[in-house]
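Structures follow.
Next come two complexes built around chain A: one with chain B, the other with chain C.
Coming up: the complex of A and B.
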């Protein structure tokens, strides 16, 4: 090959490499930016007076005196709203029957929208459902609800050949000339006074229990559940995996059976996770019944099976990478095989083994399919450590899925969903970071 | 040091086992899920020592969990089948039904869809695939996208019984795993038609009149709306009187319970 051609090929190759790295970096940015950006909104947002009311009443947090002051200010700003509504109700009573009927339903709609925005009206009985006891806790949601109060949505179906078109009608037009007319302008002008928005750093989002299935509060049961499941999986998988790897490398005689076992392990690593989930249900729960219901224990066992192959393979690689001379020197000094493994081979292989372990920890934390049938529930309290043996738990991966597909009020609580995604990704990244640091430290120590 | 930690953990575990908290495990229908979650929240607020967990995996899974004894309460949006009763009896379980609410099955379309009213017959033909364009039922010229629940669902069984007359749903139909997922598919697909529980109707989707009757708590209660059904919670045997489970299973009879059922969007059993 001519020299120029070679140079050209060389350049083309490095160019290709650069491009693929750039594409990867962009992809990573595209994935991570929205996660971080939207996820951070679960923690840092403009909280309204209702948020502080929730904090004070449900979580016993905040300064009651300051809150009462703010609450009085908000109530003062809200008072004209309720006065206008009362005045309109009085006006309605004076109307003739037909006209009253005409106004009744639209007025009811305004009332409902206002209740969603501001919470129950003064003098109203406390609703049983928590979600109805408070107004909008977040300023962004409050603006959405304000819009819903100001405009009614109607669909224009006049073109019979096409789908309808959304028409937003200002509600004020309907109520022009009545006592309710000034209400809409007032709402638009005085919403900040009524809601008292303040930039809030709600770091307790991670450590608070959820209230009324995630409509208020945080995600502690999910975080704790994820931690339990991951640690549980490690407790089962690490000893089994490392011992199996030692056996395969140091004790077993190469032969058909061993290579068959290796093939089995590789196959196990490729089995889809939902199969592990179903196996866990069929075996751990229905056959040997490790617990009466789904439980963290059953979930951990299932997850440990899932990550076992990774741990065995990475430990095996690490053990095989230990120079033969180490082992021979140890054996030559008269150390027993067991002693050699324990004091020479394992410490030397430790960085590799640890990397494998931490990477599979990240996998265990993020897996959904194996825990659907064995451990995960959509609502539950944070468990105490001994309760993990018999009780199921919410867990981040499953609850993210549950919130976005099954929750009845999903559009209201998108921020919780993003907050969960952010937290899960952060946990996995932190675990991986820990792996890198640990590996670096141990390698340094070994090199002396 | 290590030993100390170990002993401490063991002591903690033993102490915990001594007064282990009570649990109620609930599994099943995604339709009844919101009710069960609200009841759980309500009950746990008053009795913090009881841990109630709710998973929403479909009525069929609820029944299976009851048969296998892995749940205390199976929430179901359809009655148990003979085969499930038999399986339960074989496993020594005796499922007892509690009707906690009534539910209509609103037929959902995208709000931009001009169609307002369909007959049961038309809906059946749409899901059979015999009517495949909205123009055949008075809408614009758009191909209909049918969306159904999966066969594990009680809502599916109800629909199959009351609308499809047990005839098989057409091949083109899309199956999704929960009420929420149906709503999501419909709100993002202008030509879609699907069905879900009453509590899942919001302004992002439009419920159609069926045979001229709009699905509302009143029309469901009076039986005018043709696609309606009770929602169940099953327990293994009648709960022991006075137990936490008994208290939980009677919430729907209290005024608070009925208010919750109503506010979530379903119809309380002793309404009005």
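Coming up: the complex of A and C.
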């Protein structure tokens, strides 16, 4: 090859490497951006009057006088809507039977859509389901519901060769010439007055219980469950892991048995997480029965086995990084081996061990598969600390799965799903950030 | 007086024995705790196998491994898990295709190209990629990526082709062109040859890419939750593993090799491709194996975004169809099978878990052996 081409190839090669790094960074950005952006909207959003009603009635929060004032304003803005509907009902009664029948179903559709948007009509009985007692609590959802009120969706199958196409028809066309006709324009023009949107900072999203399977309220049971599971896993895994690392570094003589143990540790690290879940079910629940049903205890035990290899490895690394001189000085002063470990080696290795522990905490908090069969339930109240021994709990990772695949109103609670993912990712990344900072401090210290 | 001093300096036999025993006892306890992970591994194998054997006893191996009808809740129940194995393999293959080239390129970049300061910034990016919980990746795949793929599938595929294959084809054109120039040197003047060869090759590869992307942009994806979606996300998830292990291997190749190669007049690219990568090929292999294990063992992403259809795609490499994997089947079916503990439906899931376990165990052993051998070879 000619020299120029070789140089060009060299540059191109470097370019490929840089591109791969860039692709990785872009992938990270692409994944994190929607989670952070839409997740933060679970906390900061335009809340309507209905949100403040929910807060006041379900969570005892807010200023009742101010709310009554706003509520009266909203009711005044809504009054013409209900007047128009009453007028139309009267008009319908006066129609002949055939025409009345024709209008009845579309009118009920409008009525239902309006109930979803604004909440139950005045004078109506209080609905049984909590979600039907209130209108839309978020301005963005209110706009979606407004659209559903203004337009009806129909499938167009006129082209027999292609799949059906969804077309939207303005409902106003159907009601032209009736008392209901001005309603649609009125809704479009006066929605802000009817809903009173206000920028809301709902930081209690994390600490509120959920009401009516996450339609209202926050995610406290899940957050608490995740905290319990993580701390439980650490309680079991830290002593075991650190002691094992001490033994492997300071006491064990390299030989068949030790290398076998090392192979087992790396095997354990490679076991798929779902297999840990099955093992937890078969061993902790079905065989030794740590609890009658799924429980936080069983889940914590399973998770602790999952993170054990990580803790052993990182602790080992930290212990090996302690300069030999420390150990030799301590032994030379006549301290026993155990004494040396406790008073010299462990304190010196502590920052490194802590880094590993913090990283595995993040891992334990985010793992889903091991807790599916051992600890997690979809709906539940926050547990008291002693209940963790015998009862299952909701947990962030499991409920994220549950809410976005099995919930009956998946699209209505997107903000809750994003909020949960955001909270989980934030917890895990904060833990990792702490670990990264700790490591930076350690390496600075080692460099002097 | 002198006797007293003696006793205080030299331990009596009894005290010495006592100390030795207590130290031995302490060590024994430490050893027991250390061997906990060994016990756990044995327990995992034992308990998974214990619940898997009843399935093989009652249903045999043949149906499970070779037939394609998976109706565990039908009557009679059918347990043909071949589509599920194929699905697992397909998804893992896709993840490798994404993760391995990207991961190796990135690890080369990290170990040989980037200056120290930049590396300090890039490393946290990889750590964050590794730290994001799998359920968050699954959520992204299901809620963000799947609708995108479904609505703009063709456009995404064709831009993907340009982004991925564009640089590769540009490189290829340069290499091929140069080789051709060497051949033509005797018959033509180099200037003429250059002005002929490169435009022709460039146009050819451009035309090829253009046709490919034009074809792909016409593709309609009927469901965004399919093997392609999952493969890409799994590939991204496996990337950190591949990068960090491969980078360690490349670093371990040492300065001497690099400097020797530079001294012979090789460029950086030639040094890496012809010297460093061959020297650390076993470590890179281990990185690939660990990446495969990460992809195969992953549950949440495939459960949420693979479509969960127990069918072999047609043709088998069709990534645009929904598939089902072993992990997703275990996670999804256990909820229903749990109430009928002891049925074949319950035990078949343990049989699948055993297959996963055995596979990851073997892969792990292989990678251990490879790493050990390469360490010996490099003299460390």
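Methods note: the second predicted complex is superposed on the first by the 411 of 448 C-alpha atoms of A that agree within 3 Å, B and C clash if a C-alpha of one lies under 4 Å from a C-alpha of the other, contacts with A are read in each partner's own complex, and residues count from 1 in each chain.
To be clear about the criterion, a contact is a pair of C-beta atoms (placed from the backbone, for glycine too) under 8 Å apart; a residue touches a chain by one contact, two chains touch by 3 or more.
In this text, all values refer to a predicted model and were calculated from it rather than measured experimentally.
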Quiz item: Now for A:273: first (chain B), second (chain C), both, or neither, which partner does it touch?
Solution: second
Practice problem: Answer with first, second, both or neither: which of chain B and chain C does A:7 touch in the superposed model? | Solution: second
Quiz item: More residues of chain A are touched by which partner: chain B or chain C?
Solution: C
Practice problem: With the two complexes superposed on chain A, say which partner A:397 touches: chain B (first), chain C (second), both, or neither. | Solution: second
Quiz item: Which partner does A:287 reach: the first (chain B), the second (chain C), both, or neither?
Solution: second
Exercise. Give one of first, second, both or neither to describe whether A:411 is in contact with chain B, with chain C, with both, or with none.
Key: first
Practice problem: For A:367, decide between first (touching chain B), second (touching chain C), both and neither. | Solution: second
Practice problem: In the overlay, answer first, second, both or neither for which of chain B and chain C A:424 touches. | Solution: second
Quiz item: Touching A:153 in the superposition: chain B (first), chain C (second), both, neither?
Solution: first
Practice problem: Identify the partner contact of A:235: answer first if only chain B is touched, second if only chain C is, both if each is, neither if none is. | Solution: neither
Exercise. Overlap the chain B and chain C contact sets on chain A and report the shared residues.
Key: 286, 372-373, 405
Quiz prompt | Of all residues in chain A, those that touch chain B in their complex | solution = 127-130, 132, 153, 155, 157, 160-166, 211-213, 285-286, 292-294, 372-373, 376-381, 383-387, 390-394, 402, 405-408, 410-411
Quiz item: Which part of chain A faces chain C closely enough to touch in the complex?
Solution: 1-2, 5-10, 12-21, 23-25, 27-28, 31-32, 34-35, 239-240, 243-244, 246-248, 251-252, 260-261, 263-268, 270-279, 281-283, 286-287, 305, 308-309, 312, 336-338, 359, 362-363, 365-369, 372-373, 397-398, 400-401, 404-405, 414, 417, 421, 424-425, 428-429, 431-432, 436
Quiz item: Can you name the residues of chain B that touch chain A in the complex?
Solution: 9, 12-13, 16-17, 20-21, 23, 25, 27, 30, 33-34, 37-38, 40-42, 44, 51-57, 65, 68-72, 110-114, 140-142, 177-181, 184, 190-191, 199-200, 202-204, 256, 259-260, 263-265
Practice problem: Would you pull the chain C residues touching chain A in the complex into a rising list? | Solution: 23, 26-27, 30-31, 33-38, 40-41, 43-44, 47-48, 50-51, 101-103, 105-106, 108-110, 113-114, 122, 124-129, 131-140, 142-144, 167, 170-171, 174-175, 178-179, 181-182, 236, 239, 243, 267-270, 272-273, 290, 293, 296-300, 303-304, 327, 330-331, 334-335, 338, 341, 349-350, 353, 356-357, 360-361, 363-365, 368
